[in-house]
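Quick one: the structure is below, questions incoming.
Letters A, B and C name the chains as they come in the text, with residue numbers starting at 1 for each one.
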Amino acid sequence: MRKWKNNVFVAVTGACALLSCGVLLLIVGAIFFRGLPAISWNFFTEQIRLVGAAGGIFYNLVGTLILISTALVVCTPVALGVGLLCGVYGRHSRWRERFMVLLHLLNGVPSILFGILGLIVFVKFFGWGKSWLSGGILLGAMILPTVTIALIERIESLPAKYLEAAAGLGLNTSQIIWSVIVPQSLNGLITGSLLGLARAAGETAPIMFTATIFAGATLPHGIKESPVLSLPYHIFVLAQDSFDPSVGEKLWGTALVMVGMVVLLSLIALPMRLRIHEEAYHP
Amino acid sequence: MKKRTTLEQPVMTTPDHPVLEARNLTVTAGGKTILRDIGFTVQRHQVVGIIGASGAGKSTLLKSFNRLLELNPQFRVQGDVRLSGQSIYAPEVDADELRARIGIIFQQPVVFPKSIFQNVLFGTRHHDKVLRREWPDVVERALGEASLWNEVKDRLHESALRLSVGQQQRLCLARTLAVDPEVILMDEPTSALDPKSTEAIEELILRLKTTRTIVLVTHNLGQARRVADWLTCLSVRDGAGEIAESGCCADILTNPKSDEVADFFLSRKRLAVTPSPM
Amino acid sequence: MSIAGWKRRATPTLLFSFGFSAVAVLFLLMMLVLFLWQSIPVWRHEGFGYLFGKQWFYRGQQFGALPMIYGTVVVAALALVMAALVGIGTAIFIAEFLPSRARLIVKIMVELLSGIPSVVYGLLGVLFLRNWVYAALAHFDPLSGDTLLTAALLLAVMILPTIMTLTDDALRGVPSAQRTAARGLGLTHTETILSVTLPQAAPGVLSAVLLGLGRALGETIAVFLVVGRQDNQWPSNLLSLRPLIESGQTLTSKLGGSETHIAYGDPLHWAAIVGLGLILLALTVAVTMTGIRLGTRKASDA
């Protein structure tokens, strides 16, 4: 009887696992096999023609790259600032708790609300219209928790001996930070940034009111009224209308490129991340 | 072997019918041999001590007796272990039922984050068809047998985590006793305890052996002398643990026949004499 | 790491740190304040009728958010139930019954998949799921494959990896000594999981589920594409399942739509839109805070 219960339980959980993996594999398979035919050198170097039915996604790629680079530049100093506050200055105080709450709250904010905030502040109030800079700033704010938490975890896992050695040599706090802590926790920052960038590259909602358009833009020429094209918005717009098959193929190609980008960024971060994760859970 | 009812009457033991027996037991993990060709007998109502240097495989040997080694898929067991003459590694044997007949206590008491009452009943709830109204009796009996009843009878429903380490170890013992095993394996049960708790456990062992059989791993020779009837010494030869010597406890302690065992005693004596930095 | 007496002099680094941290705080504050302020007109106009009103006709200056709140809650709840059941079951399987190398492979796969952008999920929904749902519901004669159910299914797949990974972490966090002790008493593997591992992992599992809920509530793009975007879908019978197979509207699908663009000129309409954002913000903050409370409770129990 007990053995029977055991076997049933294994079977049920195994079925769940099979279902999960099956679904996820189907998704990857669909994207991969339908998108592959569209991938070619031209796909990456040409721009859109015929409303997505022909040509490539060059300026969409450029636009996305501009957006995520800006996001990184905007996000890094703030992440560093908060990271140092929580991991060093406020180490054993309430600051750390408070900021972790803040970061988790920020992380939970739906991405569309970033878009609406951007609409109010950048598009209307600042009068920028659609601008790559607003998109970058909003994306930077959105990925702040990801980057910061990775950095904080890394700072906190630094062995005490490095810091004690530095303090013993007479370095003051600032010196210790810049010569020991920051260099040693750099890979936490990089890991967090890669994961954040992967997320930012795929987001549509923060940028669709504030930074991106479907067609007609190449490179931005300033801040005001300088939208860019982007990969996710491209897919979003085309997915809404029934379209002809030739567009369909390019659409899958775009989706594949997007997923490929995300996977690539995550894969680079993976070895570092696994190590930090294991250190945290099984010290 | 599956149902305990088939063995209600303890078999009269003679040296030919030990309650627990290992024959040609070899345990490997990965490519490494941990124990080689172990032969081992335990007579009913005895306390058998297993001693030896660290790393000789004492805990591994113990865990091979209740098939707890299997929890780690890397371990491979060859040879045989028999409980009252029947092989425990036979395919029709249910390992979970087996562990109700051979209980185990570990070096660090592992107490579940529940009340004392629930801890004691933890194992027996899953095994026996014990009725709910009998639970308080089962708990009282088990705690009594483990010499813990008087200390906790007024706070049975408090969290077990509040007990001292010594009390927790006795709670683990009570929990095991509630399942009513024939054999109790103990892996250095007093290493983590203070001298007073250690003494309490040792008294307990001497009392328990009248109704059950105990196999005790210890690194404390004084403890072996105080409680064990029979002693088995493991030492590392050619990278794996083997039986160096086996015999009546008093005999071995005063007159070890093998060199390794003699050396081992000497090193322990030296440790005992040099004051340990407290 | 604890070096006593970090000097708190006003070094440039300290100022840098405080300054940029303040930026982060200000950002969140600004969001809250702006949303509150800009939505004031609609609260004045409708009062609490805004929350409980069932009609949304912007041309007629009527703004009731209830059908959208209903849509959001129903879609998220349904997605959560499906994802939690399958996700927790999967996590139990890979954490307890799978050998460690296979487990690592599955974990990495799942991690990578959780990074798939929502717009790609939306695409899959539009090209596949919508048609499958339409075909499956043929008996009920649906108007299209864009229904609350479709959105819920798509969301469930999206949040599945999150719930799976975090539950797996929670299960692995239970000390192995506890499991060994239970097995030593003769409990079967399943009994050990149900009586020892799962109860002790419960806070972590709960927080995984809450995180999934937060994601489900806030997801815009994928839901936008397959939910049908039909306003004023308020069910006549709250307990019936009929609304599930009809189109609907959620807070996020409304916000992501064209009304947001055209509303800006009209203060009342714009306030109504921002008000939806405020409601959404309140919901997600509530879920996040609950998750945090549970997280800190687990830490103090350990």
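We adopt the following convention: contacts are C-beta pairs under 8 Å (C-beta built on N, C-alpha and C of every residue); 3 or more make two chains touch, one makes a residue touch a chain.
Predicted model only: the values in this text are computed from it and were never measured.
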Sorting chain pairs by contact number gives first A-C
Distance-to-centre winner among chains (Cα means, whole assembly as reference)
C
Computed distance of Cα centres, chain C from chain A, in Å:
18
Distance from the mean Cα position of chain C to that of chain B, given in whole angstrom
50
So which bits of chain B are touching at least two other chains?
96, 126
Taking each residue of chain A in turn, which ones touch at least two of the other chains?
2-3
Residue numbers of chain C (touch at least two other chains)
188, 191
Would you tell me which residues of chain A are touching chain B in their complex?
2-3
In the complex formed with chain C, which residues of chain A make contact?
2-3, 5-6, 9-10, 12-17, 19-21, 23-24, 27-28, 30-31, 77-78, 80-82, 84-85, 88-89, 91-92, 99, 101-113, 116-117, 119-121, 124, 141, 144, 156, 158-160, 163-164, 167, 172-174, 177-178, 198-199, 201-205, 208-209, 232, 235-236, 239-240, 248, 251, 255, 258-259, 262-263, 266-267, 270, 281
Would you tell me which residues of chain B are touching chain A in their complex?
94, 96, 126
Complex interface listing, chain B residues touching chain C
66, 68, 71, 73, 96-100, 103-104, 106, 108, 110, 112-113, 122-123, 126-127, 172, 175-176, 179
Taking the complex as given, what residues does chain C use to touch chain A?
1-3, 6-9, 11-14, 16-21, 23-25, 27-28, 30-31, 34-35, 38, 85-90, 92-94, 96-98, 106, 108-113, 115-120, 122-124, 126-128, 157, 160-161, 164, 169, 172-173, 188-191, 193-194, 214, 217-221, 225, 252, 255-256, 260-261, 264, 273-274, 277, 280-281, 284-285, 287-289, 291-292
